[in-house]
Each structure stands twice: as structure tokens, then as C-alpha cells.
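Here come two complexes built around chain A, the first alongside chain B, the second alongside chain C.
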Partner chain A sequence: MRRVLDEYRAISDEVLKPHEKRVPRFLEAMKKSLDSRANWTFWLPYVLSLDTCMKCGTCAEVCPVYLSSGRREIYHPAVRADALRKIYRRYFTLAGRLFPWLVGGEELTEEKLDALVEGSYRCTVCRRCAYVCPVAIDNGLLIREARKILDAIDIAPDELREKGTRKQLEMGNATGTPTPAFMDIVEFLAEEIQDTRGYKIEIPVDKRGAEYLVMHNAGDYLAFAETVMGAAEIFHAAGVDWTLNSPATGINDVVNYGVFFSDVEFEKVLRAQVKTCIDLKIRTLVVGECGHAFEAFKYLMMRLIPEEERPFEVKSILELIDQWIREGRIKVDPRKNPEPVTYHDACKLGRLGGLYEEPRRILKACCMDFREMQPNREMSYCCGGGSGFAIMTKGDFLKFRMETYGKIKARQVEETGAGIVALACSNCKGQFREIINYYKLPVRFAGISELVANALVL
Partner chain B sequence: MGWLAYLVGIVLPYVALALFVVGFIYKIICWSRAPRHLPWELFPYPHTAGERLGEMVIEVASLRSLKLHNRNIWLPSLLMHFGIYAVVAWLFLVLLGLPVALLGYLGGVAAAAGSLWMFTKRLGRDLRILTTPVEYLNLLLVFLISAGGIITGFFGEGLAVREYMLGILSLSPRLPARPSLLWEIFFLEVFLVYLPFGRMIHFAAKYFTYHRVKWGESH
Partner chain C sequence: MPKMVLAGIEIEVDEDGFIQDPDKWNEAVAKALAETEGVTELTEDHWKVINYLREYYLKFGIAPMIRKLCKDTGFTLKQIYDLFPSGPAKGACKIAGLPKPTGCV
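Entry: the complex of A and B
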């Protein structure tokens, strides 16, 4: 593919349309993004991050892409975000309009726009940089805002929009699985559990008024079925009133790719998911092992949908399992998982979600030998599957994921000496599957639910 | 030159103070009236007012983020910031009638050395790729004020400075006893006018980025 920023391409020319005049539309959309009413969802952190970066470079010292690439300038978090700041200064500040050379304002050209598009897909918005910034400037947020502006002028990865949010709204899930096929999969999984465990469990689907609706990332049914089966075994063992749901009830996929690139798409998907929960009259929505969905339902939803319009609780499956183990509602025997296990903190569950202790308590209860990866928790390195990257592979993009984030992560995993990497996020699983393969690591990954199910004492 | 002294010593102080106050208040109002954005905090973060204050004090006093993650510029930055704190403290003490010349000079030396050191750090590859002319100018301005205070003897003239400032504040302005102090007064006026509109406002912006964004605001 044509080179625009580096040797990779996240977005094809088909979407990018390099021969059209896009700059005026971009500037128009950016103007709107700077309006506090039009962009109320992120206006304050957005303008603070545009205006007050002191250019100290602390962000770069913790950025996995910058560090692993041998400190390439184009991957410097502040340089990457400066692509947007330069436009902001040149067109939307007085000083920049009068003296652009002085304050770093720059004219936007079609070529620079191409580079900005690619640059905004070289960051997973893991926000490790925002955590350490002395002024708490968020270069990750600026990347997300750039993606929002680009989405407004119809530049967004197909994987996230056409085959992501749009497909999810149309089909009920982003995998495009219709109801009959979904039912078959569930039946198959129940048989699979019977074959491996030797007992039969019922997996309820579309049950109205259930205490718990467990909504997984629909991709898990196809790619990480062990997680789905593990969850079913755990809910069965807990003896609670629960259900899965099929696309016949609305949305049966907990993902919301809008989190990654568009508030507009985000809100559409979120409202459809909330409507599904209301229609099913459930009391608690259990977010399966999916990082960004937890962020969406636990935090981003708070001010977008008023409390009275969402008459149900939201819990991560990790919170529930942790609670049940502590209450003794489910019994586990760590001897059933004798292999050394390490845990990777998904950015959206940890740094953005605050779930640090829950997965650790669970793993320590279910595994004989739990080992911390270094660094961990708030300083955990993003695996490189975040913000949609896990499903983006074209134009050598997989190689970018492996040679940057993946390189650091592979080394971290090796250093623990663990045989299993426990993961609680589908994007992380998608990325680790590739990392293990690419770096030929002698490890396997497992969902938390899978390890818990394996340790269950009935 | 009488008119120039009059301009710098009598007229500009009021203009500068007015622009500073208006600009500063405008910025603060602009940020505090921002619509409540979607929750975007980072974990873990301090919850009680006491914990938050503690974190703020540690960060401001030790520049902990730089110390932990960007050691390369920690000392120069610390030196410059401590110098500025000392000069500001000296000014307040002078107003209170306690002209501690040593504090002013030490602050001036630290800020001048720190800003120069930062300037050379900025010329290194990792920071140069980020730096626009305005970052160099900001450092030069800090250098100019601190070095100016030393060279003109401003920090040693506490009593004259106090008399002059009281004259300004009581709306009966008089030129300072020593005309050489006008240089430093001019630099300070430039600084005041520039402060709310440049990046040096970060000391105030920081309150919002921490309290309203990074540390959450609702739970």
C-alpha cells in the first residue's frame, strides 16, 4: 500500500480517499469539536490537553510504541498528538493565526491529513502517558478526539465502523451471527461442557426477568469459547438465576467500538444495548470478559444516559466471581490449576476501570502459583490489542502490533516464567494469541472464567 | 527618559495587573463552567480532600512525576521551580515588611540556573523534536526575570520595592527610589501580562486536569 506515515497502513486508500479535498471538511468538523456544547462529552479534558502541554516528554518515557520502536519520532506520544495541536494553533488560536511559526501552528495539507489519520491509529489510547504526565495532559484523549473528527468526515477503519458498530446495530452483534446460528453455538458449548466435565448444565437463553444477563463479547463465542463455557459453569455452580441473550432480543454483543473512535456511534450502540436490557427486564447486566465494554457501562454511560432510564445494575464478571468466592457461594480448589499463572492488567479494566484487586484475589484462590508481571497495575503496559487494534490486521498492521507493544509484552511474560497468561479482555486475548504465535512463547493464555471453572469444586 | 520611567513605573503596572486579573479569571471561569464531561478518571486516585491535598503538595514540592519517569529533566526543572517559588515567597515577605534579601537572591540564582539548564536540555534530541520557539522564549523570560533581579540588585532592595508596591496598591503610585529597579519592574509586567495566555498558566490548569479529569469527580 501507498506509504503515508511509516511502513504500515491501518486505513486503506478506499476509506482515506486521498484524491478528494478533505481539509476544509476536516477543519469544519474540528471547529465543531471545539464547541463546548457540541462536544460536551470530552470538551474539558480536550481543550486542557490541547492548550497546556509543557512539552516535557515524560509521556514518551512510558509509551510502549515509542520505547519499543527505538524512540522513533513519529511514535512520540506528544509528537503524535501535536499533529492535532498544530492544526488547533494555526486555525483556532489568535497567537497561532498571527505568529504560527512561534507557537508551532502549521497549515494543514492533504498529505499531512493522511499522516494524521495513520498517526491516530498508532496509539491504543492506553493512557499510560496520561497517568504519569505531571500536568495530567492526555495525549491519548487527543488521539481519540482526532479519530472522532475523522469519523465525522467518514474516515474510520472498516473493522470498527462498517463491520463494527454498523453491523452490530443491524445484526445484534459485530460478528454477524444470526439467532439460529447463535442457538446452535450455545447448544454445542453445553455439549462440550458435558464432554469435558462429565455433567450436563443448562445454559438459559433469552430468559425474561432474570437476575443476571451475562453479555459476552460475541467474538468470544467463536474465538474464545472456553471463556463463555467457563462463565456458564460458574453461574451454574453459583445456582443463580441467569441468562444469555440471542440477537432476537436486540443486541447480544457487549462490545461497543464507538468507545474507540466515535461518540456518535458509541451512543447509538449503548442505547440499543440498554434497550435490550430493559426489554429483557433483567436486574443486573454482567459484562463478560471485555475491557472496553466495562469502561462503557461502568463509567462512560453515567452521564450519557440518566439513571432512571437504565433500571438495572452493571457488574463486571470479575466483580461477581470475586464476590462469590469470598462469600463461599462457589468453591474452588487451587490444586486444579498447578501451573504458574501470571495476569496481564487490561488497560480498560485496570487503569481505566479500577479493577486491580478482583482478578488477583480470584487467581490466587484458583491457582497454586500466581506470579506478578512487572510492571503491573497502573503501570501495566498495554498489550497492543486496545482501541480496536486486536481486529485490525490489514496493511501489515499485525506486524506493527507485534514489533511494538507485542515485543514488550512477550519479554514481560517470559520474565515471569509462567505457563499461563490469565486475561480478562477479549482484545487482550486476540493480541496475546498473536504474540504467543509470533514470538513462539512456551505459554498459553486463558480467560479468568476458564481458570475459575477449572478449579470449581461442586 | 522621564516619560518612559513614568510609563513603566506608573502606567504599565496597572495595565499589567488588570490584564493578568482579567485573563486569569477568564481562563478559570472558562474551565470551571465547562459542561460535565464523561467520566474519564485513571485509577488509582486519591478520594478524600486530605489525600488530594497531600498528592498535590507532594507533586508541586518534589515534581514526583518527573522524578519517577523523566529523571533527565527532574533536577533542572526542580531547580527552576524552587527558584520561582522562592522569588514569589520573597515578594510576599517584602510586602509584609520582611525583606529577606538572601531568599530573593537564592531564588533568583536557582531560577536563572534552572531555566538555563532546562534550555540546554531542550536542545537535546528527545526534547528538541517537541519544542517550538515559544518554549524557548518561556525559559528565556524566566531567565530574564531572575537574572535581571540579581543584576539590578532588585532582590536586595526590599524596602524600596515594598514602598513602590504599596504606592501602586494604594493607588498613589510613585517611581521607585532607584531608577535601575524599573528594568526588573518591566520584566515582571511582561510576565504578568503573558502568564494567563501562555502555557505558564499550567499551575492553574493542573488543578482542573487533576481534580476534574484524572481524579474523577463523582465517586
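Entry: the complex of A and C
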């Protein structure tokens, strides 16, 4: 593919439309993004981050892409975000409009727009940089705002929009699983549990009024079934009133790729998910092992939908499992997981969601030999699957994921000596599958639910 | 939509080379698609996976679960990667003429 920023391309020319005049539309959309009434998510940190970077470079010292690339300037977090700042200064500040050269304002050209698009997709918005910034600038947030502006002018990865949010709204899930296929899957899962564990459990589907609706990332059924089976075994063992839901009830996929690139898409998906929960009259929505869905339901939803319009609680499956182990509602025996296990903090669950201790308490209760990866928690490195990257594979993009984020992660995993990497996010699982394959690591990954189910004492 | 000449016929493919109309698929097309994935020879084991994927897709409108694929064909995931180096989704599904799997898979 044509080179626009570096040797990779995340977005094809078919979506980029380099021969159209896009700059005026971009500036119009950016103008709107700067209006607090038209940008409901993070307007204040957005404009502060545009205004205030001191160029101290602290962010670069923690950015996995910058560090692993041998400190390439184009991957410096402040430089990456500056693509947007330069436009802001040139077109949206008084000084910049009059004397752009004085304030570092720069004319936007079609070529620079191409580079801005690709630059916005060289960062997983892991926000490790934001965590260390001495003046609380969030360069990751600026990347998301850039992606939002681009989405407004129809530039978005088709994996995330056409085949992501749009498909989810049409089919009930982004995988395009129709209801008969979903029922076949659930039947197969119950058989598998019987074959592997030797006992039969019922997996309820579409049960109205259930206390817990467990909504998984629909991709988990197809690619990471052990996570879904583990969750079913745990809910069965806890003896609670629970259900899964089929696409016949609305949305049965907890993902919301709008989190990655678009508030417009985000809102459509979230409202459809909330409607499904209300129609099913469930009491608690349990977010399966999916990082960004936790952000969507735990935090972003609060900014969009008033409390009285969402009459159900939201819990991560990690919060519930942790609670049930501590209460003694489910019993686990760590001897059933004797192999050394390490845990990778998903950015959206940890740095963004604050779930640090829950997965650790769970793993320590369920595994004999739990080992921390270094660094971890707030300073955990993104695996490289974040913000949709795990499902973006155009051209050589997989190589970008492996040679940057993946390289650091592979080394971290090796240093623990663990045989199993525990993960609680579907995008992390997708990325680790590739990392393990690419670097030939002698390890396997497992969902937290799978390890808990292994350890269950019935 | 780009077009590719596969086994002598012009077929619409997406940007990743997945054919768009499953009806255009036949064994010769599968062989041509296999070459684009670096699979030079389709053995009996390859066909077992390809035929299973196709039958499931025609029945349910989606690719099967990876776990089910492994169980029903008797191959481990590693063996499937050995047969189709780019994996069950990007490799095997493409050769079987399925659309590219979507969502977090």
C-alpha cells in the first residue's frame, strides 16, 4: 500500500479517499469538536490538552511504541498529538489565525491529513503517557478526539465501523452470529462442559427478569470459548439466577467499538444495549471479560444516560467472582492450577477502570504459583491489542503490533517464567494469541473465568 | 470492490482477499485462494477443514467456533495452524470461501 507515514498502513486508500478534498470538512468537524455543547464526553480535558503541553518529553519515556521502535520521532506521544495541536493553533486560536508562525500553527494539507489518520492509529490510547504527565495532559485522549473528527468525515477502520458497530446494530453482535447459530453454540458449550468436567449444567438463554444477565464479548464464543464455558460453570456453582441472551432479544454482544473512535457510534450501540437490558428486565448486567466494554458501561454511560433511564446495576465479571470467593459462595482449590501463572493488566480494566486487586485476589485464590509481571498495575504496558488493534490486520499492520507493543510484552512474559498468562479482556487475548505465535513463547493464555472454573470445588 | 482472477474467473474480493460471493467458490478457486495464503498443496487434511467450514457456514451463516472446529475435525489448534499458517480465521476461512470473520475473533 502507498506510504503515508511509515512502512505500515492501518487504513486503506478505499477508506482514506486521498483524491477527495477532505481538509475543509475536517476543519468543520474539528470546529464542532471544540464546542462544549457538541462534544459531551471529554471536552474539558480535550481543550486543556490541546492548549497546555510543555514538550517536556516525560510521556515519550513511557510510550511502548516510541521506546520499542528505537525512539522514532513520529511515534513520540507529544509529536503524534501535535499533528492535531498544530491544526488547532493555526485555525482555532486568534494568534494562530493572524500570526501562525509565532504560535507553531501549521497549514493543514491533504498529505498531512493522511499522516494524521495513520498516526491516530499507531497508538492504542493506553494512556500510560497520561498517567505520568506532570501537568496531566492526556495525549491519548487527543488521539481519540482525532479519530472522532476523522469518523465525522467518514474515515474509520472498516473493522471497527462497517464490520463493527454497524454490523452489531444490524445483527445484534459484531460477529454477525444469527440466533440459530447462537443456540447451536450454547448447546455445544453445555456438551463440552459435560465432556470435560463430567457434570451437566443448564445454560439459561433469554430468561426475562433474571438477576444477572451475563453479556460476553460475542467474539469470545467463537474464538475463546473456554472463557464463556468457565463463566457458565462459575454462575452455576454460585447457584444464582442468571442468563445469557440471544440476538433475538436485541444486542447480545457487550462490545462497543465506538469507545475507540466515535461518540456517535458509541451512543447508538450503548442505547441499544441498555434497551435490551430493560426489555429483559434484568437486575444486574455482568460485563464479561472485555476491557473497553467495562469502560463503556462503568464510566462513559454515566455521562450519557441518566440514572433513572438505566434501571439495572453494572458489574464486571471480575468484581462478582472476587466477591463470591471472599463470601465463600463459590469454593476454589488452588492445587487444581499448579502451573505458574502471571497476569497482564488490561489498560481499560486497570489504568482506566481501577480493577487491580480483584483479578489478583482471584488468581491468588485459584492458582498455586501467581507471579507478577514487571512493571504492572498503573505502569502495565499495553499488549498492543487495545483500541481495536487486535482485530486490525490490513497489510503489514500485524507486524507493527508485534514489533512494537508485542516485543515488550513478550519479553515481560518470558521474564516471569510463567506457563500461563491470565487475561481478562478479549482484545488482549487476540493480541496474545499472535504474540505467542510470533515470538514462539512456551506459554498459553487463559481467561480468568477459565482458571477459576478449573479450581472450582463443587 | 477490487477484483481478482482466481482459477481463470474474475471474482470480487474484499481488501483482505476474501471472496464476496460464496456461490463463486469451487475447488479450483480454493486452490487459487490457498496459493495467496502460501499453502501450495491442499491435502486431504486441508479439505477436511475446508469442507467442514463450508458446510457449517452454509447451514448457520457464520464460521464455526474454533473449539467446535477442532472437536469436529479432530485437529488441535496447533495442527490447524500447521495446515493454515495464517490461522483458522484469516487462512482457513478465506480458502473455504467464507467472508472474513468480524468482531473480536
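Rule of thumb we're sticking to: the second predicted complex is superposed on the first by the 458 of 458 C-alpha atoms of A that agree within 3 Å, B and C clash if a C-alpha of one lies under 4 Å from a C-alpha of the other, contacts with A are read in each partner's own complex, and residues count from 1 in each chain.
In this section, a contact is a pair of C-beta atoms (placed from the backbone, for glycine too) under 8 Å apart; a residue touches a chain by one contact, two chains touch by 3 or more.
If you're wondering where the values come from, they're calculated on a predicted model, not measured in any experiment.
A simple residue count on chain A separates chain B from chain C, and the partner touching more is B. Contacts of A:221 after superposition on the shared chain: chain C is touched, whereas chain B is not. In the overlay built on the shared chain, the residue A:42 is in contact with chain B alone; chain C does not reach it.
Shared-chain residue A:163: touches chain C; no touch with chain B. With both structures placed on the common chain, the touch criterion links A:12 to chain C but leaves chain B unconnected. Contact with chain C, but none with chain B, is seen for A:393 once the two complexes are overlaid on the shared chain. In the superposed pair of complexes, A:255 makes contact with chain C only, with no contact to chain B.
Applying the stated contact rule after C-alpha superposition, one finds that A:131 touches chain B and leaves chain C untouched. By the document's definition of touching, of the two partners only chain B reaches A:354; chain C does not.
In the superposition on chain A, A:73 makes contact with chain B only, while chain C stays out of contact range. The contact sets of chain A with chain B and with chain C never meet.
Interface residues of chain A facing chain C in the complex, by the touch rule stated above, are 12, 14, 158-159, 163-164, 167-168, 173-178, 180-181, 184-185, 188, 192, 217-223, 225-226, 253, 255, 290, 390-391, 393-394, 426-427, 430, 437.
Of all the residues in chain B, the ones that touch chain A in their complex are 31, 34-44, 59, 63, 65-66, 68-70, 73, 77, 126-127, 129-135, 137, 197, 199, 201-202, 205-206, 208-210, 212-214, 218.
By the touch criterion stated above, chain C contacts chain A in their complex at residues 15-16, 60-68, 71, 81, 89-90, 100-105.
Remark: chain A residues 36-37, 40-45, 47-49, 51-58, 60-62, 71, 73, 76, 78-79, 82, 95, 101-104, 127, 130-138, 141, 299-300, 302-304, 350-354, 356, 378 touch chain B in the complex.
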